[in-house]
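Contents: one structure, followed by commentary.
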Amino acid sequence: MKYPPVQYHDYLGLDHLLNSQKRRSEEFGHPAHDETLFIIVHQTYELWFKQMLTELESVISIFSQTQMPETDMGTAVSRLERIVGIQRYINGQIDILETMTPLDFLEFRDYLYPASGFQSFQWRKIETLLGLKIQDRLQFNNSPFYKHLRPDQQTEMQKTLERTSLFDLVDSWLQRTPFLESSDFDFWKEYQTAVNEMFQADLEVIMSNPELTPEVKARNQQMMEGSQKTFHALFSEHEFNQIKAAGQIRLSYKSLHAALLIQLYRDQPVFQLPFRLLSSLLDIDELMTQWRYRHAQMAHRMLGQKIGTGGSSGHDYLKSATEKHKIFTDFFNLSTFFIPKSKLPKIPLHTQKQMGYGFQS
Amino acid sequence: MKYPPVQYHDYLGLDHLLNSQKRRSEEFGHPAHDETLFIIVHQTYELWFKQMLTELESVISIFSQTQMPETDMGTAVSRLERIVGIQRYINGQIDILETMTPLDFLEFRDYLYPASGFQSFQWRKIETLLGLKIQDRLQFNNSPFYKHLRPDQQTEMQKTLERTSLFDLVDSWLQRTPFLESSDFDFWKEYQTAVNEMFQADLEVIMSNPELTPEVKARNQQMMEGSQKTFHALFSEHEFNQIKAAGQIRLSYKSLHAALLIQLYRDQPVFQLPFRLLSSLLDIDELMTQWRYRHAQMAHRMLGQKIGTGGSSGHDYLKSATEKHKIFTDFFNLSTFFIPKSKLPKIPLHTQKQMGYGFQS
Amino acid sequence: MKYPPVQYHDYLGLDHLLNSQKRRSEEFGHPAHDETLFIIVHQTYELWFKQMLTELESVISIFSQTQMPETDMGTAVSRLERIVGIQRYINGQIDILETMTPLDFLEFRDYLYPASGFQSFQWRKIETLLGLKIQDRLQFNNSPFYKHLRPDQQTEMQKTLERTSLFDLVDSWLQRTPFLESSDFDFWKEYQTAVNEMFQADLEVIMSNPELTPEVKARNQQMMEGSQKTFHALFSEHEFNQIKAAGQIRLSYKSLHAALLIQLYRDQPVFQLPFRLLSSLLDIDELMTQWRYRHAQMAHRMLGQKIGTGGSSGHDYLKSATEKHKIFTDFFNLSTFFIPKSKLPKIPLHTQKQMGYGFQS
Amino acid sequence: MKYPPVQYHDYLGLDHLLNSQKRRSEEFGHPAHDETLFIIVHQTYELWFKQMLTELESVISIFSQTQMPETDMGTAVSRLERIVGIQRYINGQIDILETMTPLDFLEFRDYLYPASGFQSFQWRKIETLLGLKIQDRLQFNNSPFYKHLRPDQQTEMQKTLERTSLFDLVDSWLQRTPFLESSDFDFWKEYQTAVNEMFQADLEVIMSNPELTPEVKARNQQMMEGSQKTFHALFSEHEFNQIKAAGQIRLSYKSLHAALLIQLYRDQPVFQLPFRLLSSLLDIDELMTQWRYRHAQMAHRMLGQKIGTGGSSGHDYLKSATEKHKIFTDFFNLSTFFIPKSKLPKIPLHTQKQMGYGFQS
């Protein structure tokens, strides 16, 4: 009543929206029933991509602040979780597209050349803003991935590539994590001690077991030494930087410590939201991977071994990209360095209080 | 190559589509982040409604033919099943809308007056084309349901109400079902005999059971006589027509027989597709009901007991409509009259051959 | 290596588990293929109910502590959220059960008498532990709901009914919420002021609008006064207690304030977990409601109007219980009292600091 | 009433079922909350695997008959579709397992050695009965895949490997398909003509297009000749058998024709069920692939790069098996040879009648 009235139909722009399904097959005189489905499936995808971008841009804004207010953290996390919810949902949309059989698709496929899902600007933008770097993408026809896009989109994509990605923002934010070294708790030092003690104890259990043969003991010892080596690469900043220089890891040394701290002590109130933040990044990556994988499967089923418009079969490309375009791999690998709660160094009372809420101090 | 090239972006009309999210909150100077989600959720709903209508119209065309080619039946069924798939999918979309909390909604709710989901022309059209009659709708404010719509939509809705609905088309089609009475198989007569024999046999088992007390026997007998009565209403066309006149049933007498025949002998090749047709109608009805129910729940959670714009709480209206707007209730109730396969009259060989494929005769 | 080895098969008790599907139809000489499905659907349900109970019991333990450690809150919330995840998942299981047609069910239905899902002890226990009181249950055959259960289960259910439910524990916990009245922030007083100012401002906008007719103005004023009344019942402890005595509300006066505080200021770090706690209770309730509703629908489809073993049709009972057995209705209704963020009283700096983390003070 | 009464609890064997969750962590004195979840997730998987096997065995029985009654086909298809439904459902179960974090898993992981999902006898049996041959499995530690199983299970697996798989049964059934060569319709000959005419027409369109440069024309011609070659391998039984001998195809020459016939003319009543049969095989394969893929992802997230008990990382193995263990690849590849409906040879009236129902002749 305080604002000029608005009707549902106009608010949603339905007059235009519901008239935006122009079948090429109809234009060329052979209307194919299923082309409407094909169009609507892709239009709804793009609408959801827009929503994902809306949330992503807002999270990037939050993390780009020089001083992020504490109250923003919950907002950022719930928006990332909304992205996860959208992904989980639209990954199921393929089931509907698959009600169109390969033969139905052939009815209008010829009219679509060279339009292709590879040209989705928004999907590429999501990948880029999350942190996928151009050099980490699967190479295709020796030209940058954005060459399929419209000139103005190419320009925008180049600008997007220069922006600070969510990966980089989270990397910086992790480096600023308090508690890595507080007055009475040196996490990194204590964690190393705990790891070494754990290995030592495990070894003793095995060596003193009268039922094991010397061969079994030797083999066990060897395996444990292998594990220990993996850990030690983490303990030496020098070794770590070599691995990083070789491109096997992307996070900074300090961020990795912080991420580990958050994961290991996620029960502390102060780490609850950071823990959910890291979890949602893993979820997003995992669900994008599933999206690519399922589309690869569908392309296989739809087209068989037909040669795609670009000279290679679509499903081979998609299957290759599935894993290669993963962004937060370092966070997946982090579990390598988890140790059981019972072996974790105890946090001194003073620090633990700081990890809780002010009102109790 | 044979047709002028088209690009993904233009084919899908993305320039316009992705610019159709006009936030009222932004227009009035208080941009609310979640309004974009709200718009996109409703826009994707409407796109899917369009797809459902596309399939529905095509099925109606198929059933409106004076002589339906046999090859059309598979097409009709798979399109109805696609509607089911879409419904199953979009019913899950509420989960995403529920990531918007009531407080987030309050940020822009005032700007939306009097827009409301009740104004969805397409949803009303789906209900109407399926067969929901105006007199069976929940009355609201003593005006016909389409009074909320735009004048041109009101006109179109009136025309739609005059069209032959899918319910009516299926009713007619059922009446034409062959096999209700073939040269050597009178389904209806044999079914009645089978039912009576079944009751008789059940009764004897109970009466001759020495472990049951007279009271238990009497109670059982009473219950069985109650059941038998329900069946007998079905056996007398006169009684049936009284029930129909009282509005408790909508199908014609002969259609009900045909639907029962199809359900009971669905293993016969000739009834496979008709069986799936009936199943998909039940699915569509059930899923529309679930859609209404979940939206009622969401309205409750979002608004509590707040009085809606129309003077009644939204979730009460939706909960009332949930069951009332069911269309194919007769088909749900049909199971009342199912009898176990082992009691079914056997189909004579000649008729059974006719229910199979020609090539084997 | 440190522990005696265990094999997958033995660990899961598969020898027994996979031999626990005893078809009655087979026992009585007429094996029905689909009875295995029927059994497995119910067995998996019961396994998931056990998991839900495991989580529920653990949450109840956490809230039963006289002094709950801060680090337990995250655990409690993630366990409730796991229950939500399980519910969302198993609600989809009905789709599989529905691949069994009514006719398939008839093949073995007679052998099952009087076994019924009403006898699920675990489901009843979940409802009871969440907080469903015996007097709030739908009456059935004039005997307490647990009369269908085995004697030892009846005894256990009586004990369960005497335990403090999650509803009651959350009610007590809410009453202990700090911040309802801190040194510089009296939430309840400021909230009332804000509500009154909001109504006042809204009224002025309308009354000073030259485009509105006196009739429209009068109608608006009346509606707003109605809304205001609802709020005022909340402001008077006396009125509130009358409503509570009449059974229209179950939460205590102070808990309701606390719940409102949490919802309205959920962005504050200290309220993040409490907000998710309340949300998960709503989710659990909503999903249990959906579970009942979908089972009611399925019963209708499976049995039509057949009279159930207890003398009433199963789907009518289930549909009636759907809403009646809702537990956290007060939390759903809470949205009635939400006001837009822009109208919320600002929290003074000192209190706001206390709502954040200690390390920053 | 006619049968001895049975109670829900006893019917489902709940006394035992709900006491089959023996936590190793509890046995060794360090009860880990999440181990119950871990056990129940795997127990419900195994229950569903049993259901899948129940359906699979029944379908195999149906196809093993020397003369399959027409009425069995619908049963077979609906049971395969039920398997698909179960798979779609349980693939979502991973979401629940992922609510257990890597750190929670570490609490009890050490107690489980060497139990592993690789030891699931039922999963291996499903793969084998569908048609996965031992030589097509990913090699692991140079010992046959069933060496991880219990001796009696090894014996049963060896027997299972010798049985005729569903793949082989479908292969034989396809070879028996009528209509490959009827009195007035030689499908294979007409299909070849249609393919050749299609290529010829496409080539002419391109060659006579004045807007194309000679280079573009040449490139197009080359691509089309490549496509044509793929088709010709299909037209020569000799070439086909070479490809088959090289292990690139598994179906017989005649089955491939039949499968193509079914796909291309699926609208004919007689091919409706065969079409759904082939589709469900694709679905089953696709969903098993997704199951493996998602478990690979989960293993990565749960364990990082930790070395598995068998000396290799679990997720690498799973990712490799994902595609390699696909069984019905030939049916996926079939779309390579689809041609648009408009180019399909018309079926003469006499044959078309035979593809319909007897009652109309």
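Read from first to last, the chains carry the letters A, B, C and D; within each, the first residue is number 1.
Here, contacts are C-beta pairs under 8 Å (C-beta built on N, C-alpha and C of every residue); 3 or more make two chains touch, one makes a residue touch a chain.
Nothing here was measured: the structure is a model prediction, and the numbers come from that model.
When each chain is reduced to the average of its Cα atoms, C sits farthest from chain D. Interface comparison, B-C versus B-D: the higher number of contacting C-beta pairs is recorded for B-C.
Centre to centre, using the average C-alpha position, chain A and chain B are separated by 40 Å. Chain geometry summary: the mean Cα position of chain B and that of chain C are 29 Å apart. Distance between chain centres (mean CA atoms), chain B to chain D: 32 Å.
Residue positions of chain D touching 2 or more other chains, listed in rising order: 1-2, 95, 110, 266. Those residues of chain C that touch chain D in the shared complex are 1-3, 5-9, 11-14, 16-18, 20-22, 24, 28, 33, 36-37, 39-40, 42-44, 46-48, 50-51, 54, 58, 78, 81-82, 85-86, 89, 92-93, 95-96, 99, 110-122, 150, 153.
Those residues of chain D whose C-beta lies close enough to touch chain B in the complex are 1-2, 70-71, 73-75, 178-179, 202, 205-206, 212, 220, 266-270, 272-273, 353-361. Those residues of chain C whose C-beta lies close enough to touch chain B in the complex are 30, 88, 95, 101-103, 106-107, 110, 223, 226-227, 230, 263-264, 266, 279, 282, 286, 289-290, 293-294, 297, 300-307, 311, 319, 323, 332-342.
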